[in-house]
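What follows is a set of notes on a single structure, which appears directly below.
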Amino acid sequence: MQSFIGVLFDGFAYGMLLFLLSVGLSVTLGMMNFVNLAHCSFAMIGGYVAVVLTNSLGWPFLATLPMAFVAAAAVSVVLERTLYRRLYRASDLDQCLFTIGVVFVSVAVAAYYFGTVQQPINTPPYLRGSVELAGVSFAVYRIFLVVTALLITAILVAALEYTRFGAQVRAAVDNPRMARGLGIDVDRAFAITFALGGGLAGLGGALAIDIIGLDHAFAFTYLVYVLIVVAVGGLGSIGGSFLAAALIGISDMAGKYYFPWLGAFLIYLVMVGLLMWRPAGLFGKR
Amino acid sequence: MLSTRNLDKSFGSLVVAQGISIAVPRGERYALIGPNGAGKTTLINLVTGMLRPDAGCILLGDEDITALRPDARVKRGLARTFQINTLFPHLSALESVVLAVLERNNQSRAWWRSLPRYGEAIEEAYSILESLQLGAQCHRLTRELAYGQQRLLEIALALATRPRVLLLDEPAAGVPKDESAELFAAISNLSAELTVLFIEHDMDVVFRFASRILVMVGGRILVEGTPQEIARDQRVREVYLGKRQHAFA
Amino acid sequence: MASASRHLAARIRWRWIESAFWLATLAPFVVTPAYLSLASQVAITALFALSLDLILGYAGIVSLGHAAYFGFGAYTAGLLAKHYWGEPLTGLLLAGVLTGIVGYATSHIVVRFRHLALIMLTLGLGLLLHEAANSASRLTGGADGLQGVTVSPLLGFRFDLYGRTAYAYSLAVLFLCFLVSRRIIHSPFGLALRGIRENLVRMPAIGAPSLAHLRKAYTIAAVMAGIAGALLTHTTSTVSLETLSFGRSADVLVILILGGAGRLYGGIVGAIIYLVARDQFSGINPQYWYFWIGLLLIAVVMFLPNGILGGLGALYKKSR
């Protein structure tokens, strides 16, 4: 019987995973209002890259993580340059439909090449098992996940606050028209942010395999959770995504553990309730 | 006819309106001028209800409308146009004005009779468009109209609500000189019973139509007076340093 | 002037091609009697798509959870038939009314949102109802669906395996609802909805109570979706959890966009093409089906933004 602390920690770790998967979408949505429902396809790419590298090519797990990031980032750059940029002025509905189409295609391609089974991943022995702290056992992998996520959050926040690029991103999120007027190349900033966001999703996808598994439908299954995190946290807000992801992760874990008959009901209720109270999300603009 | 008392509005630390108290008597044409960012459109948004003031009240006639929703204010006779054309791109000019007329008559709730059966509303819409020289274009989609015609359609939509007070937000904005004749005619032909407050940067329009001018700077009313008084006012000249000086000669 | 009215009237006249279309819908009885159950499915889905068109194509409400009303109608009809009485017509009406009440209640929340928040909210409400139905398995049968639904004959005609009664029933209801929708679209209310879709900001400025209009449209759409769901229950004598799923919401959205939103016939055209194609390719692995649908969506958004009917309309205009 896992203690309350244990459930809380597991939920928080799950939330950190959701954060990595969602933060890119939140910022790009906030910057360009571009509804990219295919965001989780980038996560899937990262996951499958990690799988192929460890299982087929024998790479050590940790080495695959940066590759997952890079691969997903590269694909997102290509997608953005070729297809997405034509849709920046399009309506919400069109962007929705287009990116849903991309999701469908990516799911089918994944099924074609990798089948519909869960992908196994060889996590290194030093990341398996658990440690005992104050009578509660914590899975080593989850600790690793939390540490990685917090590290990345710190880097993101620092980059946003202290670098010139970060200032440009903040300006572009706050008021894209004004930022353009000030001479900021919003399109370039967006492309870079989009690539970073996609890369982070890819990293998240690779990290996710051990916790929530990877199959061809990943892009769809977790899309809902990512959207919930983004909507609840507020568009364009790293802090909002962090908080929302933690909230959703903990609620989901706690819900499934303490109220299993509720199923996924709880987080949907949380989302609907929160949106009604704050339509722009916890930290969204307007 | 239209008055406000001590309207205040801030967005965080940005004060966009402070202690605005104006009074526009019935049938008068008042102009509201001021540099960009002075808060003129904000004032219109406050009066029409698109923004809620932090303090102060708005009176239409004798009625306090501060708590009313925007569409309720329109029903009481307060109409406005927008600085940037805010029209219905895929509706024809006629359909747009007919919609406004039907809304006014509370007929837009009807779903069981087809539109062409509302002959009176259609006729009224057509005559409004005709009075603004848009009759021939009435079946064209709004997005296919020339810019100047769209500006006129803005006014047509507002007139269709049979307002007592009309707020025009830069009616001449962006209209090229060769299309402005119809616009000036439209403003001249506005009923003498109608109370008009318009924002304008184009001083030709201001001096031609306004009986009194309000100058707004930094969220406050700087000064109020007749066109001649305003032209001579030292403070106004300072605010407008660099603008078209010949209008003040 | 009177000519202006006549001009408007001319645009909404009933065209001969429409009569031809509706006559053609009778063809399956004679030409392809083996496919009557597919034809029923098409009619039901067409009605569902039509209900979505009212809010999406005409009022501009992007809903990713419209299946909530379809499923609610389906379950209501199923529970009525199972526990109370199996007469289809009264069941249909009751399902429609009850779904309308739910639609009215939820409309108060939904119409206050736009953009992402609206998409998320409708998605969330749909998922909520799906989960609730899944959990309430004593009532709904949960993931196994509702069993033991017995539907009485319709006006004396049994629902047989050939599907004749089913198709006649579905087609008749579709046609009636279509006529009602047509009435609504061409009325002042329909014009108001289009105004909302075209420019929401302008509406209050001409004295329009936009939210009240939207609530009404949303309720009507919910009633129609509920009726479509009830039709499914009556013609198949089962209710599955799938009727409330996100998959069904997404499918109907694809169908409507494929046919062309805001064109009254778009949902019907889309349903015909989508379901017939799916039936033809039913041997294929579902993954590959979604691959082509994905490509199709991408292609439609890029090249045919107004769907098939929009594309045909543009071709027609160019040829004149």
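As written, the chain order gives the labels A, B and C, with residue 1 at the start of each chain.
Simple rule for what comes next: contacts are C-beta pairs under 8 Å (C-beta built on N, C-alpha and C of every residue); 3 or more make two chains touch, one makes a residue touch a chain.
Computed from a prediction, not measured in an experiment: that's the story for all the values here.
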Central chain of the complex, centres being mean CA coordinates: C
Chain at maximum distance from subunit B, centres defined as averaged CA atoms: A
Where subunit A and subunit C are represented by their mean Cα positions, the distance between them in whole Å: 34
Computed distance of Cα centres, subunit B from subunit A, in Å: 47
Where subunit B and subunit C are represented by their mean Cα positions, the distance between them in whole Å: 42
Shared-contact residues (touching 2 or more other chains) in subunit C: none
Touching residues (chain side subunit B, partner subunit C) in the complex: 48-50, 69-71, 74-75, 79-80, 82, 86-91, 94-96, 98-100, 102-104, 107-116, 118-119, 122-123, 125-126, 138-139, 157-158, 160-161
Subunit A - residues contacting subunit C, complex: 29, 33, 35, 83, 86-87, 90, 92-94, 96-98, 100-109, 111-112, 116, 216, 224, 227-228, 230-231, 235, 261-265, 268-269, 271-272, 275-276, 279-280
Subunit C residues within the subunit A interface of the complex: 56, 62, 64, 109, 112-113, 115-117, 119-121, 123-125, 127-128, 131-132, 134-135, 246, 250, 253-254, 257, 285, 287-288, 290-291, 293-298, 300-302, 305
Of subunit C, residues touching subunit B in the complex: 1-2, 4-9, 12, 183-184, 186-192, 194-195, 198-199, 201-210, 213, 216
